[in-house]
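Just so it is clear, A, B, C and D label the chains in written order, and each chain counts residues from 1 on its own.
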Amino acid sequence: MKKLVNDPNAAAAEALEGLALAYPQYLRKIEGLTAVVRKDAPVRGKVAVLTGGGSGHEPMFAGFVGPGWADASVAGNIFTSPPPPPIYETAKAVDGGAGVLFLYGNYAGDVLNFDMAAEMLTEEGIQVSTVRVADDVASAPSEKRNERRGIAGDFFVIKVASARAEERAALAEVTAAAQKANDRTRSMGVALTSCVIPVSGRPIFEISDQEMEIGMGLHGEPGVVRGPMTTANRVAQDMIGRILGDLPAKQGDEVAILVNGLGATPLSELFIMFRATRQLLEDAGLLVWRAYVGNFASSLDMAGCSLTLLQLDSELKRLLSAPAASPAFVQEG
Amino acid sequence: MDPASITPADLRQLLAFVAEAISRKEAELNALDAAIGDGDHGITMRVGFTAVNAKISGLPDAAGIDAIFRESGIAFMGATGGAIGVLLGKMLMAAGAALKGRPEIGPAEFRILLDAMESTLVSTGKARPGDKTMLDAVHAANDAVKAENPSGEELVPMMELAGRSALRAAQDTAQMLPHAGRASRLGERALGHPDPGAVSFSVFLTAMAEWAQQTSRHGA
Amino acid sequence: MKKLVNDPNAAAAEALEGLALAYPQYLRKIEGLTAVVRKDAPVRGKVAVLTGGGSGHEPMFAGFVGPGWADASVAGNIFTSPPPPPIYETAKAVDGGAGVLFLYGNYAGDVLNFDMAAEMLTEEGIQVSTVRVADDVASAPSEKRNERRGIAGDFFVIKVASARAEERAALAEVTAAAQKANDRTRSMGVALTSCVIPVSGRPIFEISDQEMEIGMGLHGEPGVVRGPMTTANRVAQDMIGRILGDLPAKQGDEVAILVNGLGATPLSELFIMFRATRQLLEDAGLLVWRAYVGNFASSLDMAGCSLTLLQLDSELKRLLSAPAASPAFVQEG
Amino acid sequence: MDPASITPADLRQLLAFVAEAISRKEAELNALDAAIGDGDHGITMRVGFTAVNAKISGLPDAAGIDAIFRESGIAFMGATGGAIGVLLGKMLMAAGAALKGRPEIGPAEFRILLDAMESTLVSTGKARPGDKTMLDAVHAANDAVKAENPSGEELVPMMELAGRSALRAAQDTAQMLPHAGRASRLGERALGHPDPGAVSFSVFLTAMAEWAQQTSRHGA
C-alpha cells in the first residue's frame, strides 16, 4: 500500500481538516468534532440540511457544504458511519429554528446512528426529518427500492434539498423535494480494482487484472455480475441497460446525468464513459439536460465509476440549476 | 477473586482484558468483514474498546457494575460509529441498566446481562435469529445459559458455556444467507463466510470467560 | 491494463468529445479538429488565449476553456503535442481581432509545433505571442529556469492570462500578466506509481511498492530523488523545501497553493497533503491566500500529486479571483 | 528497377515498406522512449507513417519525387504532433524541396536528400551532434555518404552505408548524456539508453536500404 497519509487511523480526520483549511470561503470545521458547517451557519429561519456518513468517499460528503449546498456534514471513520454525539452536536450548531433534514446513504450503520441522533434532538424539541438516499439499482430489486443503498445519487438529492431549503421552504417541503429527487434517481457502479483501507493496508476484495464487477458498492459490497473487462461502450451499455430497466422514464423525458469516478480512474476515462452513455440515452429517446463528470463520491483509491440518472421535472430543474458554491461544486445562478 | 462473582474492580480489569483480545483479532475481523461487508469491523471494534478503557479509567473508584457498563456503552457508541457502535453501545448500556443496584456479577447477573443485551439488540437492530448477524451469537449464548445448567450455578463455567455457544453460533453463520431485507448487498456470496459481528461478539464473551477462568485459578 | 476506453488509439479524441458533449454550457468542439473553443468564440475585440498540448492530463487543458478562462484548447494524442494545422485552424477560429496568446507547457514537442503554427498565423497577419509555462523546479536548476518543463502551474498562468484578457487588455498586457504569473509559479511533483499509456498498455517506468519518486514529471520524466515511501507530512516537507529554496518569497508574502492529483490519488490524500503543506507554509511565515485541491493536471492513471505555489501581488490576486467558468473550475465573482 | 535509381513509383513502394518496418518496431520504440522520455515515440512514428501512406496513395500518378516527399512531410507533421512530427515532417519537406526537378533518386540525389534533412533538422531543432537526439543518426549517415566512397557511386551500397552508419550512431547515443539545455529532464539516468528518435531514424534509413537491396536483387 502506498498512500499519502500520516497515521492511518487519523486519515479521515486529517482529510477533513485539510478540506476545511483549504476552503474557508465556504465552510468551517466545528472544533473538536469531525464535522464541517457552512461558514455562515446557522442560517436563521432556514431549514438546515445535514449530511454525512463514513469517510473515504471524498469529496462526498463534506465537499458539498456551502451556500446553496448542505449546511453541515458529519464524518465518521473510513467507511464507518459517524456516531450519534457528533451528529447531534452538529445538528444543534446548524439549526436555524426551522428544523433539520438528515440526508445520508441508506446503510444499516448510518440509519442506526442518525436515527439515534434524531431521537436525541427530538427530545430537545428540534424538528428532524430524514431522507435516506437509495439510488443503487444493483443493491436490491425494484420491489424493495427502499432497501437499496446510496451511492453517488447523494449528489443530486443533496443539491435539490439544499436549493429548496435556500428558497426558505418549510421542513416538510424540503423533505418532499429530497424524497422526490431520491425517488427519481438511479445509479449503477462498476469496479475495476479494490480500494485499500489505510489502517488495514490491504485490498478489501480480490479481482484479477482481466476482470471488472458491475454493480459493486462504494465499500466493495459485491455487485451483480463479475466478468471480463471490456470496452467503455459495452460497460456503459450494460450499466445504462440496468438503470433504464428500473427507471420509469419514457421517450422525450429529460434527465440529468452524473458520471462519477471512484477515486483512481482518471477524468479522461470518465469522459469516454460519458460519451458512450450520452449516445445510449439518445438512442433511448431521452434528453440529457445537464451532465456532471468527475469524482463526486469515491471509494478511496478504487478504480471504476458509477453512472447516475435523475429523471427531471420543472421543479427539479429549477433546484438543480440554482446557484450553489462548495469545495466540490460551484455553479453560477 | 471469589470465582462466584465479579466485583466492579474486577469488571474494570475484565474489560481491559477484553479490549486486548479484541485488538489482537483486529486483522482477522477486518478480513471477515471484507469478505461480506466493508472491511472495517476490526478497526471499529478496536477503536471502540480503546475508548471504553479510556473512559473506565477515568471513572471514580465508587462506580458500580451498572455505571461501568453504562459508561462503557456510551463511550463505545460515541467513539466508533457504524452499525456496531450503536448496537453494542446500547447493549452495554442496557446491561448497565439491567444490573442497577447489583454490587457484583454472579450467575444470576450474568443471565440478566445476556438477556438485556439480546433484547436491546433485537429492539434496536430489528434482526431475527438466522439473519446472519451478531444476534445469532448473542441469542445462542443467552439461550444456552438460560436453558442448560451444566455445572450448577457457577459463574465461570456459565461464562465458558456462553463463550463456546456464541463461538459455535458465529461459525454457523457461515452457512446462513443474509436476510434479504437487511443485507441484500451480500447475496449468495456471503455463503461460507461467518458474520464478523457474530464472531466479534463471541470474542467478547470468550475473552470474558477466559479472564474469569484465569483469575479464578490464580485466586484459588 | 484495465481502462474504461474503446479503441486505445482513439482515447484522446473520445475523451475530448465526451468533455465537449458534457459541457455545452461552456464550450464546443470544432468539427473535424481535436480542439474545443469557448461557446461564444470568437469574442470580438478580446485577446484570445489558446492553450493545449498532449492529452492524458485531463482536465488540463480542455477543461479550462470557458468565460474567464481560455478561449481554446487544442489536444494532441496522449502525451504528444498537437501538430501545427489544428493549432493554426483553432487560433483562426478564436481570434477576435486582438491577437492570440499561446500558453502551453514548456516541452520540446510543444514548442516546435506551436511555434510552427505561430509562424503560419503571423504570415497571415494574425498577431501571436507565446508564454511557455515552466514551473517544475525539479526539471532544471534556477539558473536555467526558462528550460524548466510545465506541470500543474498551467492552472495559475492560464487563469491569470484569461482574466487579464477578459479585462480587454491588449495582447502585450495579457502576455505580460501571463509571464508574471509564470515567473512567480513553482511546482514539485511526487509519483507513487507509473501511468499506463492506453495504446502500449504498459507502465512507462518501474517503481516498487515501497518507493516514491520526488520531482517526477507529468510524463514520467525522471525526478530528482527516488526513495522509500514515507508519510504525507514528510513528503510535503521535502517538496515544499525544494520549492521554497527556489521561490524568492519572504516572510509575510501571500501565496496561492494548488495541490494537484495525478489521476489515481484520491481527494482524501490530497487534503492530507494540503494540511501538511499549509502548516509548512505557515511555519515559513507565508500566508495562504487561497487554496485549490483536486485533479487539475493529471498524468493518466499515475498515483501521486504535485504542489504548486504562486507568489501573489495585488494584480495577481485580482486576476485569480475574477469570475470564471469552465468544466474543471467555476468561480463566482 | 534500375538498381542505380529510384523512380517516383518506386518511392511510393519504398515509403510503404518503411511504414511497415516502423510499425513492426512500434513497441520497441515506445520502450526506448519510456526509458528516457514519455513512452510515445513508437505510437507517434506509426501514426505518422500511416498518414504518409494514406496521403501518397491519393497523389496523382504524375507526382514526382519532390511532390511525394513534400506531401509526405506535410502528412507526417499534420498527423502526429510531438517533437518528431515537426522535425521529421520538415525534414521530409526539405528533401522534397531539395530534389525539385529531379526525376529519380540516384546516388547524387541520395546525398542531397540526407544533406537537406540534416540541415533542416539542425535549423529547426537547434540540437548539436552529441546531444543525444535523432541528429546523431542523421549526421552520421550524412557524413558517411559524403566522406566515404566505398563502392563507387552505386545507390544501394550507399543506402546500406547510410543505414549502417545511422544504426551505429543511434546505438552510440546510449553512451551520451543528453545535452542539459535541451533535455535536462533526463539527467544521468539516460546513460545506457539509446535515443529513440535516433533509433527510429536508423530504422527509416535501414528499411529504405533493405527495400532497395531486395528490389534490385529481384530486378537483377
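Following the convention adopted for this analysis, a contact is a pair of C-beta atoms (placed from the backbone, for glycine too) under 8 Å apart; a residue touches a chain by one contact, two chains touch by 3 or more.
This one's a predicted model, so the numbers in the text were calculated from it and none came from an experiment.
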Chains contacting each of chain A and chain B, listed by label: none
Distance between chain centroids, defined by C-alpha means - chain B, chain D (Å): 76
Between chain D and chain A, distance of the C-alpha-averaged centres to the nearest whole Å: 55
Centre-to-centre distance between chain C and chain A (centres being mean Cα positions), rounded to whole Å: 29
Interface hub residues of chain C, defined as touching at least two other chains: none
Contacts with 2+ other chains: residues of chain B: none
Chain-level touch network, classified as line, ring, star, complete or other: line
Residues of chain D touching chain C in the complex: 27, 30, 34, 37-40, 42-44, 47, 77-87, 89, 124-125, 180-187, 189
List of chain C residues in touch with chain A within their complex: 1-6, 11-12, 14-19, 21-23, 25, 55-56, 58-59, 63, 192-193, 209-210, 212, 229, 231-233, 235, 259, 263-276, 278, 290-293, 295, 298, 300-301, 303, 305, 323, 325, 327, 330-332
Contact footprint of chain B on chain A as seen in their complex: 9, 54, 76-85, 107-109, 112-113, 116, 139-140, 144, 147, 149, 197, 199-200, 202, 204-205, 217, 219-222
